[in-house]
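Per-chain residue numbering starts at 1, and chain names A, B, C, D and E are given in the order in which the chains are listed.
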Amino acid sequence: EGDSGDGGDAADLANLSGEVAGGGASSQEAAQLAWIAGFTTVAPEATVTYDPVGSGGGRESFISGAFAFAGSDSYLTDEEGELTSATERCGGEAPIQIPNYISPIAIIHNVEGVDDLNLSPEALAGIFAGKITKWDDPAIAATNEGVSLPSAAIDAVHRSDESGTTENFTDYLDAVAATQWDAGVVETWPEEYGGQGAQGTSGVVDAVTSGTNSIGYADASQAGDLAVANIGVGEEFVAPTPDAAAKILEVSPPAEGASDTALIFDLDHTTAEAGTYPIVLTSYLIACQTYSGDEAAAGELAKGYLSYIVSAEGQQFGADEAGSAPLSDELSSQVQDVVEGITVE
Amino acid sequence: MTELLEPEAPVRRPIPLQAPQLPRWAPPVALFLSLAAAGLVGLLLGWGPAGIAVVAWVLFLVGFTGWAQAIEGRRKAVDRMFATLIWSTFVIAMVPLVSVTWEVVSKGHGIIGADFFANDMRGVLGETNIVTGEPGGIKHALVGTLMITLTATAMAVPVGVMAAIYLVEYGKRTRFARTITFLVDVMTGIPSIVAGLFAFSLLTLIFGAAYRSGFGGSVALAVIMVPIVVRATEEMLKLVPDELREASYALGVPKWRTIVKVVLPTAFGGIATGVTLAVARVAGETAPLLIIAGSTTVANWNVFEGRMMTLPVFIYSSVTTGGKYAAEQEARAWGAALVLVVIVMSLNLLARLLGKIFSPKTGR
Amino acid sequence: MAKSIDVSDVNIYYGDFLAVEGVNMSIRARSVTAFIGPSGCGKSTFLRSLNRMHEVIPGARVEGKIVVDAQDLYAPGVDPVAVRRQIGMVFQRPNPFPTMSIYDNVLAGNRLNSKKMKKSEADDIVEKSLRGANLWTEVKDRLGKPGMGLSGGQQQRLCIARAIAVEPQVLLMDEPCSALDPISTSAIEDLIHELKSEYTIVIVTHNMQQAARVSDETGFFNLKATGEPGHLVEFNPTAKMFANPDNAATEAYISGRFG
Amino acid sequence: MAKSIDVSDVNIYYGDFLAVEGVNMSIRARSVTAFIGPSGCGKSTFLRSLNRMHEVIPGARVEGKIVVDAQDLYAPGVDPVAVRRQIGMVFQRPNPFPTMSIYDNVLAGNRLNSKKMKKSEADDIVEKSLRGANLWTEVKDRLGKPGMGLSGGQQQRLCIARAIAVEPQVLLMDEPCSALDPISTSAIEDLIHELKSEYTIVIVTHNMQQAARVSDETGFFNLKATGEPGHLVEFNPTAKMFANPDNAATEAYISGRFG
Amino acid sequence: MTDTTTDQPPRLDDSGSRATRAGDSIFSGLASAAGLTILLALAGVALFLVIEGAPAFTASGESAYGKDNIVVYVWPLLYGTLLAAVLAMVIVTPLAVGLALVISHYAPRRVGTYLGYLIDLLAAVPSVVYGLWGRVVLAPALLPLYLWLSDNLGWIPFFDGGESGPTHGRTIFTAGIVLAVMALPIVTAICREVFIQTPRIHEEAALALGATKWEMIRMTVFPYARSGVISAVLLGLGRALGETMAVAMVLSGAGIITIDLIGTQNPSTIAANIALNFGNASGSKINTLIFSGLVLFVVSFAVNFVGRWIASRGEVKG
């Protein structure tokens, strides 16, 4: 076991072989691809697959036993009995739930002559609710002195498919600007709010890139060269950097049902903490505490893979290759302890 | 004409056989003039090449028709106008063909090399495998396309050929046969995604919700192939002259031997062509595979177990995944598209070739 | 081996349509019998009923008796496949099997019935049949070539060779020369003359001169009106038929006043 | 109005294949000229070259001169569309336009040229043409019915009416009776007799009795051998041709020794 | 063979040919079984879609992607499906008729055959490649046209372009164009078939009356081919309705209803919607998507049914 500072014993991992299947949230897909590739450097004989079937599909397949681990944009609750089922699946022990992928949701835009854009929560909500339709609207101009905003129509791009990104984004809007945004927290964009629908994160990025005077929201890792807006937090405007995003977990309270093995949070979007970027997507890994019998071999592999993901090395690799925010040191060691606790019989 | 009909004129005056005609060089000259005029104006006003082409076309259509009207009369002018319109459709249809071919070749050829075919995508980030440093490739997708298509063919061809034999040789006029012929026709129009949903529903009902395999894809593709094979075979069997069957019957050969030894060999070229075309059609299918065959980064030779990548799905997921390496993924997508187009077009060519080689030498 | 054919009260149908009505005739063995008549009068239909080829057309059927060698062809239990083996047929358009060589075409009747044959035996049959069809000298150097590569007249003789290779009793020919040029026609007519020493031959022709030249007896079929069934008007020795027919319609037809 | 046709040194090709070679003849106005000869000798081909219908077949072309009314049909600048208006044609199989009524079928040619026609004028043309084709009494009560609803012989006369409605100079007919029954045939033959007072008529027939019955002059075409071009063997008044032909091949053909 | 040389009368009854009979019945049994398999497969497609799609009716809310019920969810998709396919046919019909005439009547015969091959090559391009091309090449290239249309013809509701005007090329119009390109070969091929089958005797009748080529085509080819062309268009429509990947990749759609063809917001199609969301769907959402697939199946079956029916009726008549 030893010094688990950087995610398990390299020698142990090198001996791992066989195949393990996991899957779930598509937000993690790029990072998972990176981690799977990175994992081959430490465990060359092991094969891991990650099916980006969506958070719900991931949880479902985890519960049915088809996946040894799952990625999910939201933690397990018992609203539909998922937590109970997952506990059953794990032999009566509560499943572990750990944040492994934190990524700012960037407000990307493509407006002629505008590089630096500051948006207050109200202005942001107004734009996406279809209430602010021109770039030179006073609500935008107020926070952008000295920027020549065109008097052009705003092409607001949203996800047309069901999306965790949309859920987190509207969660934020609902929390900070409920007067402007009255559609609540949704996974599928309410069409009556207008704007251009685009498929998938890459679709939104494409649409904003090829559009004119366009704006959209997308996982920051995929924003590419597009300009990103600074979002009003308290008195200042914060850019979507990994550090600023990672901070939000520090200021957020644990969710109901959190435990030693379930490090789950309800994000505090209304924070005024300096240097915190408030629109963040947090994705969790779900696995069992104990793998036994038929699943032992896969469990061993899953444990090795998970420990690689949450190791400092893994988190850094994810940040480099997929643009996610590495876990803060404190959270990182908590998470590593949870993974260490997985036993294989 | 009308003056010929005057009742008082029993002696019909012959109409002149010589009529004024536009010279042979008239069409090219008119085309050149239209292009020149549109080009000049277009350059001055800054239209793009597409704008110039459209305006030149309108000028030609109007101008040339008018010219013909003036010299050759209304009927000839109408004739020429429609000839122009009809040939124009051909030019228009060539635009996408040329554009697709050009884009696929120019964007896709760069990446193609031995590595592209020999490697899969395991451990590949960006351009290369982070362990070995080898570039990523499409081996896994090629294997998947091959296995899934072969399996589908193995299912569809026997059923399709036998069904066609039933339709042409046995059923002929029965209501059952006519119903099948009709439904087969209708079946050729089943959307491929529906075939995919069918395979998904069938197999997940049997094997559980998480079931994904190449075989599922084969089932869907077979559903798409069968009607094509039936139709092609049916047409070919119908083309076999009854005289040959009768020649065989008249020699006292039983019907089934006549079919196996005389009818099928005679139709073999056409059937092979039809099967090859069916294979070409399904080799490019994406939607059903996306649903039931899943995707993976490594080659899987077992159709019955585990996910399989195929070329079309590889193309699709490469362009839609996005992320830091979107550019590299798109480059691979174009490369794979070139490979896929070459495969499908070769199959089409092969089909024609088979048809030619095996077509029985007709006496005339 | 040639046999006579006795036809009594034969009606022939296509589904509900009565195509040929009430035919009675007696075809002599080892002779050539010709059928003539205007288009659509049922010559081909009747000919095809003589070896049960008629019934391969869906819905087609035959009533009456056709007796060959004391066996009624249409008696229950008679296998049409066996009938056709004994009563061979040559069609209007030459129809060699396009996928087979000349050699295989000749043997088709034997081979397709999956008889195993020694090579020498097969060679014998091929030579004998091709000689019988007056084609041997023309094709003996290219037996492996496709049968479709021959000229029309040669193809027709190949079909005759194929038909006699299974050693039938009777040979039916439906306008065997109508797709051929004059030279091939006369080659086939000569062949018919030779074959009649061994086979009973029945031939349909639209060419009255041909009927006069090759046949011993002639049957004249006619239609009362379009849509009515065809029937046998007169059946007589050819010499009498052309010189002094019993029936006025026969005379009108032969002298070219209609058809 | 009827015109004579002078043909000199005409060769007719299908692509590279020379189908008819070196024809010279002079067809008299207001007479019936018949072409006879064995199948494939180029009768139809030659007939179709007389109104430039030959060239609608891809790759087909004509060499030589065909002079009608002092104008060479094949001279540069001659519009084939105009030629076909003046030299009408009736085909082997009756071909009324299936989507048109009897009335519209007759007017089809006229409608092409003059967009607007008074109803009365159109009615006149229809009646006159149908009377000319001996069809008026049979169809006058159902002019609005489809032309395809008529019997074969009536359809053929409808096609003749359609051809004469545009008042051509010459009428070409390619085996106009070969698809018809005896009664319709004789109706058409009678019609040809009547029409020759107004038109120059050229007719192809495979029925020598028909040629003898209807024509004033006859041309006999023949082939030297299959694959060789057809050529004009003899062109003579019909009476002479059938009684005492100049050429031995003609006699052989007419007496039925081949073909 | 060998025994007939003796002068015994050969037997005509079937005692010796039982093997023949057995062979015939086995073979014909196999053949009919294959025919039956096809019927079963088609019935199976319908059956399994119903089994898996039916639960979507009882579920609601979340499973219908936030819509109140399945009908409200599917209806806009069905609208988009029909709109894109009809658009494609509006583009394709004149083109295909023209092309088929080029091949059947205008080009020299041999050239025509090769032109036919060229058009068939369009059908050999896999739909995912059309998707790639439409998304990366065609859509951006069409944006200027859309801007021009909304500036100059914006008063036509189809080219309204919406408040902000066209902002991207991935519209339903672009999807229609891509579908048109994809449907072109099959529609052309069927039109060509019926045009070629126009009886020569009718064409020559028209020419012999002094018709020009176009007049001949109008008089004989078009009336003869009318039902063939209609069924060709319906079959093309059937193809366009079910085309999935090209639309999924090209169209930037959502479940809305609009007649603006070039605006920012576009309707989506059933097939594309399934392909795009299936991977991320689980539980009752899969039922929802399969139900929409059932709707697509029914619609395209109906269209193909009518198309084939017209075609087969035409055959009998012609």
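Here, a contact is a pair of C-beta atoms (placed from the backbone, for glycine too) under 8 Å apart; a residue touches a chain by one contact, two chains touch by 3 or more.
Chain identities (UniProt): B = Phosphate transport system permease protein PstA; C, D = Phosphate ABC transporter ATP-binding protein; E = Phosphate transport system permease protein.
The shown structure was predicted, so the numbers you read here are calculated from the model rather than taken from an experiment.
> Using direct touches as single steps, what is the fewest number of steps from chain A over to chain C?
2
> Pick the pair with more C-beta contacts: A-E or D-E?
Of A-E and D-E, more C-beta pairs in contact link A-E.
> As a test of understanding: of all chains, whose mean C-alpha position lies farthest from that of chain E?
Farthest chain from chain E, going by C-alpha centroids: C.
> Measure off the straight-line distance from the CA centroid of chain C to the CA centroid of chain D, and report it in whole Å.
Measuring from centre to centre gives 37 Å for this pair.
> Return the distance between the CA-based centres of chain A and chain B, expressed in whole Å.
Chain A and chain B have C-alpha centres separated by 43 Å.
> At what distance in angstrom does the C-alpha mean of chain D lie from that of chain A?
The mean C-alpha positions of chain A and chain D differ by 86 Å.
> Between chain B and chain C, what is the separation of their C-alpha centroids in Å?
Centres of chain B and chain C (C-alpha means) sit 47 Å apart.
> Where does chain D touch two or more other chains at once, residue-wise?
Answer for chain D, listing residues that touch two or more other chains: 81-82, 85, 112-113, 166.
> Where in chain A do residues touch two or more of the other chains?
Each of 60-61, 199-200, 203 in chain A touches at least two other chains.
> So which stretches of chain B touch two or more other chains?
Where chain B meets two or more other chains at a single residue, that happens at 75, 209, 254, 257, 319-320.
> Using the touch definition up top, name the residues of chain E that touch chain D in the complex.
Residues 108-109, 199, 201-212, 215, 219-220, 223-224 of chain E touch chain D in their complex.
> Of all residues in chain C, which touch chain B in the complex?
51, 53, 56, 58-59, 81-86, 88-89, 91, 93-99, 108-109, 111-114, 146, 148-150, 152, 155, 159, 162-163, 166
> Considering the complex alone, what residue numbers of chain D touch chain B?
For this pair, the touching residues of chain D are 1, 3, 69, 71, 73, 75, 77-79, 81-83, 85-86, 110, 112-114, 117, 121, 124-125, 166-167, 169.
> Once bound in the complex, which stretches of chain E touch chain B?
Chain E reaches chain B through residues 17, 20-21, 23-24, 26-28, 30-35, 37-39, 41-42, 44-45, 48-49, 51-52, 94-99, 101-102, 106, 115, 117-122, 124-133, 135-138, 144-145, 181, 184, 188, 212-215, 217, 235, 238-239, 241-245, 248-249, 271, 274-275, 278-279, 286, 289-290, 293, 296-297, 300-301, 303-305, 307-309, 311-312.
> Okay, in this complex, where on chain A does chain E touch?
26, 52-54, 56-57, 59-61, 133, 152-155, 160-162, 186-191, 194-200, 203, 207, 210-214
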